[in-house]
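What follows is a set of structures for review.
Two complexes, one shared chain (chain A), two partners (chain B, chain C).
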Partner chain A sequence: MKKPKLIVLQFPGSNCEYETHRAASYYGFESRIVRWNSLDEIDDANAIILPGGFSYQDRVRSGAISSKLPILKKIIMKASSGVPVLGICNGCQILAEAGLIAGVNKGQVEIGMAPNTRDGLPVGFICDWKYLVVKNPKRSVFTQYYDENEVLPIPVNHGEGRFVVSKSVSNELINLASFRYSDHQGVESTSFPINHNGASYGLAAISNVDGNVMGMMPHPERAARLRQIPVSISGEWREKKRQLLSGGSDGVGPSEKLFVGMRDAARETQ
Partner chain B sequence: MSHVINVFISLQQTDLHCVSALEALRYSIGFTELTQLRRLRKISFMVDVDNKPGAIDCVKRCVNESFDLVNPNKETVYFDELPELPGTGWYGIQVTANEAPLRSVSSLSFASHPKIISAEQGLQWLLKIDSSDSSEQVMTKIDTFCGPTTSVNRGLLVNSLFETYLIQSIS
Partner chain C sequence: MSLSQSDLAAIRELLQREPTPVEYYIFDAMWSEHCSYKSSKAVLKANLPTQGSEVALGIGEDSGIIRFVRHDGKQYCLAISHESHNHPSQILPIEGAATGVGGVVRDVYCMGADVIGVLNSLHFGISDDPQSVVHTISKNVVLGVSDYANPLGVPVLGGETVYHPSYNDNCLVNVAAIGLIEESKIIHSYVPDNAQTEPYDIILFGKSTDATGFGGASFSSATLDKENDVQNVGAVQVHDPFLKRVLVEAIKTLLRVVDEKKVPIGFKDLGAGGICCATSEIAVGAGMGVEIDLDNVNVALTDLKPEVIACSETQERFCLAVPRWFSGEVLKIFNDEFALPSIYPNAGAAVIGQVIHENRYLVRHRGAVVADLPVSAITTEVTANRVAAPRPISADAVDPAPWSIDQHRSVAERLMGLPNMMSKRFVFRHFDNAVRGDTVVYPGEADSVLVTPIEGCPAAVAVSMDSNLYGKSDPYVSGAYAVAEAVRNVIAVGGRPLCVTDCLNFGNPENPDAFFEFCESVRGIGDASRAFGFIPNEPLPVISGNVSLYNESKTGSAVIPSPVIVVIGRVDDYRKATVMSFPASGLNVIRVGKMYPEFGGTQIQNLVTGLNDVAPQVRFDPESRSNMAIFAAIDQSLVAAAHDISGGGTLGCIFEMCFGLLGNDAFGATLSVRGNAVTELYAENGGYIVAVHPDNLDQFEQLMMSHGVEWTHLGETTDAQSVDLTTDDGQFVINLSSIRDVWNPEL
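Moving on to the complex of A and B:
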């Protein structure tokens, strides 16, 4: 079967494009990195990822300048035609600033990515492993192979990852949330330290209404392979990692189903 | 009696936030009447001193004695006034975060200044508009094109989901 074509967009200041490209290639994409000003090169894309980083040095706000680039208008068109679009970290911030998530009112900015806070006070940049619990898996192509309330460990790395939602979205949050922060047993919380950035509803990822666009602050490309998981993680992944350290072979990581779900959705646009 | 003293801090070299924002506003959003854009950090101090000159002195001492409020090697500070602006047609947008108002303002800076009750940090954008429209019309345009971001084609300098803003006519 022909591999679907994936574009990993490189903005000035992106810094996760190569590991995202490698993770996607591992899960069956024909992936390539495309610069932000190569407008024609995304025409044949079956899937698009906006990777993490600090595009345009986070000038004005994270993702704000990138969201005004001509290529974003093309991405909006691709998304409206059903192409899966994933925004990771800074990519999520760009999608939010461009109004691609949550899509309750098409084209309108409904999600803000605010600086991390704890009880209303700043906590600054946070780099850590967190646990996510899956919500509404069948509503999004990215979570379609997960089970409801499945727990996965995944790293976060951001200073402005606090989801703030408009009223139009807050009524839909229960349906649109794809991942929420939890402990290793899947117990959700909206307070620190589980919800380390003060996000509304403990949101870690949100999909659009159509289910083909998702913005997530954690980094799935850094949890794509078993060897990327630290041994300090709790739960079933700790056991898998221990087996690897005891001489077992490397295998898939917690974000396997996310990439596979995206790949299968991308195949439908070929 | 308390006084609010605004301190404005500008970079001495080219501010890249302004370069990118000006390009985005002019060429992506199409607000070509905007010809110059400046950005200042703004810290609003509430000071418990009887008179305003005394309050300004108190803030000056605090700012000059601290290491993290202003970097005198690369920033210029203005106490309770904006920098002098050339010509007319200048408008402003004040932006304040709804939460985390003390962002990057260290409590250490205030330890020896008990008369400073609070400090809120925000941004002051200065916009030079080349237009023959009335001040009210220009402010409406600024609100539409430059203010709260509502879509890829509208707004940039404010995200009203977590920031509040005020548009001003300056000169």
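Moving on to the complex of A and C:
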């Protein structure tokens, strides 16, 4: 079968495009990195990822300037034709500013990505490993192969990762949430330290109403392979990593099902 | 301005006239301690081994380069630069620390390498006063490092945070950057030979030149003085990691074209002294001259004085020497493809001059010649003869008196709450440690962080950055121990040490006491580098470094001798790497190495009085044997966990192995030590604690014996949440949950 074509978009200030490209290639995409001002190069995309970074230095608000670039119009068209679009970290911030998530009221900005807080006070940039619990897996192509309430470890690296949602979306959160922060046994919490950034509803990722666009703050490309997992987390993945460091072999990581789900959805658009 | 009257007299003698303002600032930068190493060069040359069979590029250009691994027919190398940004961080902590990162990564990018990680060594003051500026500085330096490294997209691969009152008036911010490059693609910092026969342009690219960082090199070469605050603030540069990230992507494109078309180029970053230093050095390195027209420089403001355009240290700039036929393509990459002028006002690339065959450094501004120097004048070696005044070093290593069990328990319970023993996660959690996706062992999980930067290749870079607090007791030990510790940290994960870099932070070299400390530390680094080589009959080569003097204020005292060492190593296969935390109960806990009653500068000195002031000596022969033995044991998969002994001694080391990074899921230990209990538990002589599975014990012990190494069987790991100790002073139990709270209150 021909591999679906994935575009990893490079904005000025993106900084996760290469590892995202590598992870996607590993999971069966024909992936390439395309610059923000190469408008014609995304026409043949079967899937699009907006990677992490600090595009336009987070000026105004993170993602705000990138969301006004001409290439975003093309991405919106692609998304409305059913092409899966994933925004990771800064990519999630761009999707929010572009009104692509949550898509309850089409074209409106419904979500703001605000600076991290703990008990209402700023905490700055946070680099950590968190656990996510899967929600509404069948409503989004990205979670379609996970089970409801499945738990996966994943890293977060952001200063502005706090989902703040408008009223129209808050009523829908229970249906549109794709991942929420939890402990390693899947116990959810909206407070620190489990919810390290103060996000509404402990939200780590949200999909659009149509299920083909997802914005997530954690980094699946950094949990794509077993070797990337720390030994300092808890649960089964820690034991797998221990075995790898005892001379085992590298394998898939916790975000395998996310990339495979995206790939299979991309095939449908070929 | 810091040129002395005697410097000015020497310049007049050299030129046979008064220098112009632009020339004045060129000399001000080039003859500063920061650029000229005039106090330190002779000491460094006499002591540090710099040669080695795996050195691809030694000291002399922007980075040193060591061969790393051969994979898929390519020789991969690591380019390393190690710098300080102490004075700027004391004045403007966020900008100072951020531009420290920004400057050191430029040194690596301009070799043609891609930066795969940075490390930082942060030294902060201590004050009980919550209003003290030391707290603001420590907080904002951390913010500055994260403000730069995170947006740039380079992971912070570790480092250290050290607290001592001697840093109250002078924080230290040392940063090292590591880049990956194929040996055949190394780009040099000078004009290539082709410029002898064809026209070469000088291209400046990056941020538009402004007035920031004017006089930065000379400001870093004097003691900080409150009266100069306004001028000093202007001498600090302003960072823009966002723009740098775009530049880095454009540089990658440029270098790809350069490689495809085999274009010979010279590439240099702009640092101290700005355009003048960079463009003169790029030409001088090839024995040629250069002609610059300041009117062609992209500036952020109109009416900047020529000396400001020529010498300001505006960040995020590089210069290139390229054949003229290629200049148009270079401009197109930066100005059109990556659209720099649309991203930052007046940013971009421009041809600002050309290489000339005369021995001249010529600068024009609005049609007039504003500098005209013989190249030899710029490259003149300046030296300053400094005097070292030796001081007595304590050598009276007497055993401490026995302690009561209550005293033992009280000290053990407070040890992990000392500022230098606490978990530093509250600092490094602000640094992205996984961008690029190559991190396989994370900060705090082992003695070195591991990254696998080559797709499909299991070789991992192991890197550690270390310093210590022994310099007040014995500056020689501070240098030797820093190398020894960094080497141990690489070996404890299963790495083979490859090379050393150093950053030497000291007081005013014109003060004979401070200069003695500098000389002694360098002697210690040299001896240790020769002792701990891993290739037979070779030293660990010192391939890059930096000297930061004048770390004292006019009102305060100097920093304690603070040599900071980076050791880079290679783990041949990351799947054999060893981490620090105990993975199970029932494992043998073994100490490799011997402890001595030497307590100068140790952590335990903060908790009890009456201990001697002999710094922990580095005993080169036995430590080298221990290193080889542990390396072999890890290679043969005989070790389940390994951690080096340093600050906090044997007991501190074992507590950390119980905790791991987070202190969750901890294992305890039952231990028995014979001999003087204080020395055995708290001395900080070099050694290792390892956990060995009972099935591997015989083989492990035979290996130690064959290497002629001393080891002590201390006990075993347990499922209990406690460390149970039997000593010559009696028995006591330390509950892990109680010390976990002082070790990491954030948990």
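We take it that the second predicted complex is superposed on the first by the 270 of 270 C-alpha atoms of A that agree within 3 Å, B and C clash if a C-alpha of one lies under 4 Å from a C-alpha of the other, contacts with A are read in each partner's own complex, and residues count from 1 in each chain.
Here is the rule we use: a residue touches a chain if its C-beta (ideal position, glycine included) is under 8 Å from a C-beta of that chain, and two chains touch if they have at least 3 such contacts.
Being a predicted model, the structure only gives us computed values, none of them experimental.
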Three-chain arrangement built on chain A, chain B and chain C clash or fit: fit
Partner chain(s) touched by A:Y56 [first = chain B, second = chain C, both, neither]: both
First, second, both or neither for A:S67, with chain B first and chain C second: first
Which of chain B and chain C A:V164 touches, first, second, both or neither: first
Partner chain in contact with A:I194 - chain B first, chain C second, else both or neither: neither
Touched partner set for A:S234, first chain B, second chain C, both or neither: second
Computed vertex angle (chain A) for partners chain B and chain C, CA, steps of 10°: 70
First (chain B), second (chain C), both or neither touched by A:E97: first
Partner touching more residues of chain A, whether chain B or chain C: C
Which superposed partner A:G120 touches (first chain B, second chain C, both, neither): first
Touching partner for A:I111 - first (chain B), second (chain C), both, neither: first
Nearest-approach distance, in Å, of chain C Cα atoms to those of chain B in the combined model: 5
Footprint overlap on chain A, comparing chain B with chain C: 56-57
Of all residues in chain B, those that touch chain A in their complex: 16-17, 20-21, 24, 28-29, 97, 99-100, 102-104, 149-152, 155-157, 159, 161-162
Contacting residues of chain A [partner chain B, same complex]: 56-57, 59-61, 64-65, 67-70, 72-73, 76, 97-99, 107-109, 111-112, 114-115, 117, 120-122, 162, 164-166, 198
Complex contact set, residues of chain C against chain A: 143, 146, 150-153, 240-242, 245-246, 249, 337-339, 343, 428-442, 444-445, 452, 455, 574-579, 581, 583, 637, 660-662, 664-665
Contact set on chain A toward chain C in their complex: 10, 12-16, 18-19, 22-23, 35, 37, 52-54, 56-57, 124-128, 155, 157, 159, 219, 221-222, 224, 227-228, 230-232, 234, 242, 244-250
